[in-house]
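Next up: some structures, all given as structure tokens.
You will see subunit A twice below: alongside subunit B first, and alongside subunit C after that.
== the complex of A and B ==
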């Protein structure tokens, strides 16, 4: 701008004014003008050069190849995340496959194309295909997720207007083994059952594998033993659970009958039903462990207390009987060992209904288990909890819970008195803290009682040599209409090992076993589920690095011994 | 003279820059192609890895392994009494003694 000002100054000061230095200033002005113009051009050139450099040194973004007429949105790169067991064994993964679609407007001859496609894929319906191919859309699916061979067959037909789209297909290498837990997806890859559903968003967006708490080896053992037991007793089905006592992680969970997760549509509703988490059952005598633990911890009962089991209890219109009556006064350990309903009902009454109920609530038996599955059954809790409810719940009738709740509550009773939230995700509870429900004293007594059931009581057949098994049998009559069906049982065994320091809790339940000659027609938990538990523990312990113990060694044998015989001076409890 | 020299210098500089730019441009293009190719290869290798992992999981399915073991091996699941601790081996001391005497003999 400087030169304009100069110029104007010159013109303002009269004209023609003779200025001695005029030639010099003219030249100077010209120079300045030139420099200014030069600078402007230099800037413009620099801009152009810079832009040129940018274009040269960076790749222009690739324009996606235009598809001729279809309007397909291709899913962006990352495939749905893999699901693995705790050891990294794959339970679910996504593989790329080709899916066949057609653009009917580019098809020269819909009729001929239909004929040849149906020849290639005999499972396609001719009318359906023809309707699709003669339509006016730009895009119709013909068949999803072809095998490479099928894709080659279609290519060989050479029909224009047919094309493939790369798609993902979910595969489950473990198949039926983990079908109920892992779940399955619909054809578009959205989880619609199991972990696939509850973690759908995470699996779709985060590429890192999801590591479950399951151990496929243990799962396989549990699955096989339950399958054998169901077959042996011609049962309707069964379920099993293995739980880590230290953190509530579910190591194995089986429900039979099961299904193929690649084709869930083919399976019956019964097969797709997860008995271990969705089913709620009146679990029967296994509940007596909670009854005893609540009574001891609340201070209402002592292990030496005696209960009158000489005759059935009559309350209102109910009669509580024992299936194998001892017909005498029983000590608390004897009530559990002989599985006396009469005794258990009195122990619960002695505890009093509000306290008994509060303990069951603290053990998570009255709320839905907080496990990461969409299919978790809510317990059936009596709407009005009266003393009669307390008495029947004491031996596992009148409160229906699912096996996960049973196993995690039992873990609290015999491990450290702490209820760990059951989980299916590895490492989930590593930093979680839970309140303590039972003191060490109660836990030690309950361990002794659980050991007594296996060493001398109804659970002898669960004794896996060297692994110091303890537990409680349960034989629940299944509800039928308004009463109970004595012939239809749910036979279970709730156990833990090794009892001096329990590491794993196991629960096996068999639905409606039929008596066989080898068991003298019995279908009780002790005859049906206990042997399966013994087999499972014997096979899984070496895999989990638990060494066998000498069960007769004094520190184990006497440390876990409780004398069930009524001691003199025990309080005779009369609650009626 | 000076003007000519400066013209020459500028000409050479421009020619050099143009040449360099041409070279760099082609180099970038070829690297870009290479990058795309490597990306595509990576994707296909990743896909292959997924397939192989799935296959590995299939062949290691415990049910299948058990079936094969039952068919080809004469092994049975381990029982508790079959596992013995090193310290529990009753022969350990005489065995050690005999080993020691053996060594002395040598």
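== the complex of A and C ==
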């Protein structure tokens, strides 16, 4: 009824304001056009729905934009590559961890949260945590790199405002054992020492594991024996190296004291210092092997030559003495066997300074060892190399080198005359460019001399039954001020085995050993380092598949024998 | 719902039996979904700007309540009431727009907001429905009365409003107002040659904006060539849909809301697509299409030209806003900040939509004189 009344009122008063009295054709046109508009809208919606379906089922073509966008970086996808030893044992790897942070504004009760967190992590400092949690920041770290169990513990607390950020933690399963070689990373995963640093880019970008030349088993043996020796002689420290003679690969390298790579900040500078690569030392008598080899190879000396060691040599203000003087004419093998400084000085001088120097340079003893570590010490070479330098360098004073250089040069002297660049990466050297320095004849003589040192000379304690050890002792007085300290020695043994066909070179150096009753107070290489070498070879040879030989068999006993006694008709060399 | 007899002649009783309950139900459903989506999308936005997590959700619910009341109130009006309300709104809000230009705070490169009694208001949101009503009335009256220059007055009014919008500048709103008015002009019998001419002019206008308004230039460049500049928001938005898949990542599990500054407003469709999936997103599209097409089919039967034009204009506004919002987040059109009606957070938008929808409900009521009764 109401409608009628209203309508009739409009009609009566004749108000044309909104009543339907527009021309019917206008209304019809408006209707048709409205339908057209509706159809356009319908089409638009179909397009939108189609586009929606397309996007939903597309393989997200826009995804690459994700990596270029400026969002907060939640760690790129590929974890840092693993580092292994030559047998695939993991030396360094990355584990996904969770790091705990808090948004203090969302914490209902900072005091209680602090209490519960300190209960969960007793190593946290209560005051420090409370200060963080009651602050006004939006983001505070509480603890980095939690274990899954620790994360579960925090989740169980059920405190709002605590959250986790996924992170990556570098883990070193071998710990101290390989700390100096593998190195470590900073908290953001950038390598800052060792292989981690020198291969930082490769490790960060290539997922394939980096296989080092190290053999963790041998590393462990070397490490343990050096540690025992240091303890026995109350030494400051020590280093050791095992090198494969066929390709220059470093099988083991130890430096003690050492440190935990998970927390390098806690270690002293001395502990982080890699004595085997960064340290350069005057190596002492071990150097005589290079002196003899250079003299023989250059043709300046014959194995039968004789040298006057009846009295100390006086050169300018220096006097060259022997520590265990024989005080007679010595053959070349005797000079090495009895470790005569007087004899060695004359052999070097006989070689002449330019030739002697050229051989040391060819052996890589005057340049930084090309090994893949950031921490490699440069040798200290005399600025002016005169005859007096030649004479002292002949017995290992006046030229400071690092153990890697020593071992790799020695490998060339007693293996095949070829110098292989030392390397820490397995399978890297193809030996194609390794230079030949010594002839087979020189090498054979040097093997015999090295064997003589162990069978009859100063290195007897290095003998490992069946492994035909050869080598050379070295007892260097450490430089102190402008001269040398006779009480402070670097006692070394440079060796190889088995001498009929050397497979491995070993070097052990002990820093400032103190005399003990069992060694009658001696702290020489023969008393300190040689026994360690014997132990190491005896333990490592079986692991490397080297069977013991019958050392009395003629091809070994006589094949490696050189008679040290002066031969009749040997040249008496007078160079001074 | 109290029992209302068909013979009940009270205002409520008449309303209940004449209002389009399908339309009403669809709007209520949209509002409910809006609460859900704002709840999903807004906490990260609130956290980012240092507000309590639930700040936007609470405000959204309150404003939605006010909007609902406005809508119901407006839907009780007669067409004449609707017309008067539109005129009143225009009289109030055109001065407010001028005031905005003079006193408004500059936010994100535009003066669009004015602070009144502690509330920030965007007058242009209210101008849209008001102008749609007034323009419809002018066109209708121009058709009915020989001597009434309705079309010309309407053109003048349009020029004033568009000038005010461009001075803010608010290009998106200008486009919407132009489209509504153009649609009404078209319905009201714009000569077909003029339609074509204006279409060309519109293209020219966009070209001109591209040439002379630097921020438009950069918008369009980025749309045409994603490599040319920062298309960060759109990229994130597109990833959201592909992340969501058919059924979505689940409420609260989405990522896009953490990366888009206006996830609760201009990109809420992306959040919905990611967390609730394609099927839900299609549902939203269908709901908007239903409301608009249903509304259109209702007013189609009206014998009143004003109802046809006003309803057409208001529905066009509603449809266009939804389409621009969705089109932006799907990268069908250049990114244009536009709220999704009744779903996006946004105070002025919600209140103005309440008024607009109330008017639509009012105009689509069954009336004598129409073919509905």
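The criterion applied here is as follows: the second predicted complex is superposed on the first by the 448 of 576 C-alpha atoms of A that agree within 3 Å, B and C clash if a C-alpha of one lies under 4 Å from a C-alpha of the other, contacts with A are read in each partner's own complex, and residues count from 1 in each chain.
Note that in this section a contact is a pair of C-beta atoms (placed from the backbone, for glycine too) under 8 Å apart; a residue touches a chain by one contact, two chains touch by 3 or more.
Everything numeric in this text was worked out from a predicted model, so none of it was measured.
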Which of subunit B and subunit C A:434 touches, first, second, both or neither: neither
First, second, both or neither for A:115, with subunit B first and subunit C second: neither
Touching partner for A:519 - first (subunit B), second (subunit C), both, neither: neither
Subunit B versus subunit C as contact partner of A:174, first or second or both or neither: first
Touching partner for A:56 - first (subunit B), second (subunit C), both, neither: both
Partner chain(s) touched by A:165 [first = subunit B, second = subunit C, both, neither]: neither
Partner chain(s) touched by A:95 [first = subunit B, second = subunit C, both, neither]: first
Common ground on subunit A, meaning residues reached by subunit C in one complex and by subunit B in the other: 52-53, 56, 58-59, 62
Subunit C-facing residues of subunit A, complex: 1-4, 6-7, 16-23, 26-27, 29-31, 33-35, 37-38, 41-42, 44-45, 47-49, 51-53, 55-56, 58-60, 62-63, 65-66, 69-71
Interface residues, subunit C side, partner subunit A - complex: 9, 14, 79-80, 83, 137, 140-141, 143-145, 183, 186-189, 231-232, 235-236, 238-239, 241-246, 259, 273, 277-278, 281-282, 285, 288-289, 292-293, 296-297, 299-300, 302-309, 312, 316, 319, 323, 326-327, 330, 332, 367-370, 373
Contact set on subunit A toward subunit B in their complex: 52-53, 56-59, 62, 77, 79, 82, 89-91, 93-96, 171, 173-175, 177, 216-217, 219-221, 223-224, 464-467, 538-539, 541-542, 547-548
Touch list for subunit B against partner subunit A, complex: 21, 24-25, 28-29, 32, 35-36, 43, 47, 50-51, 53-54, 56-58, 60-63, 66, 77-81, 83, 85
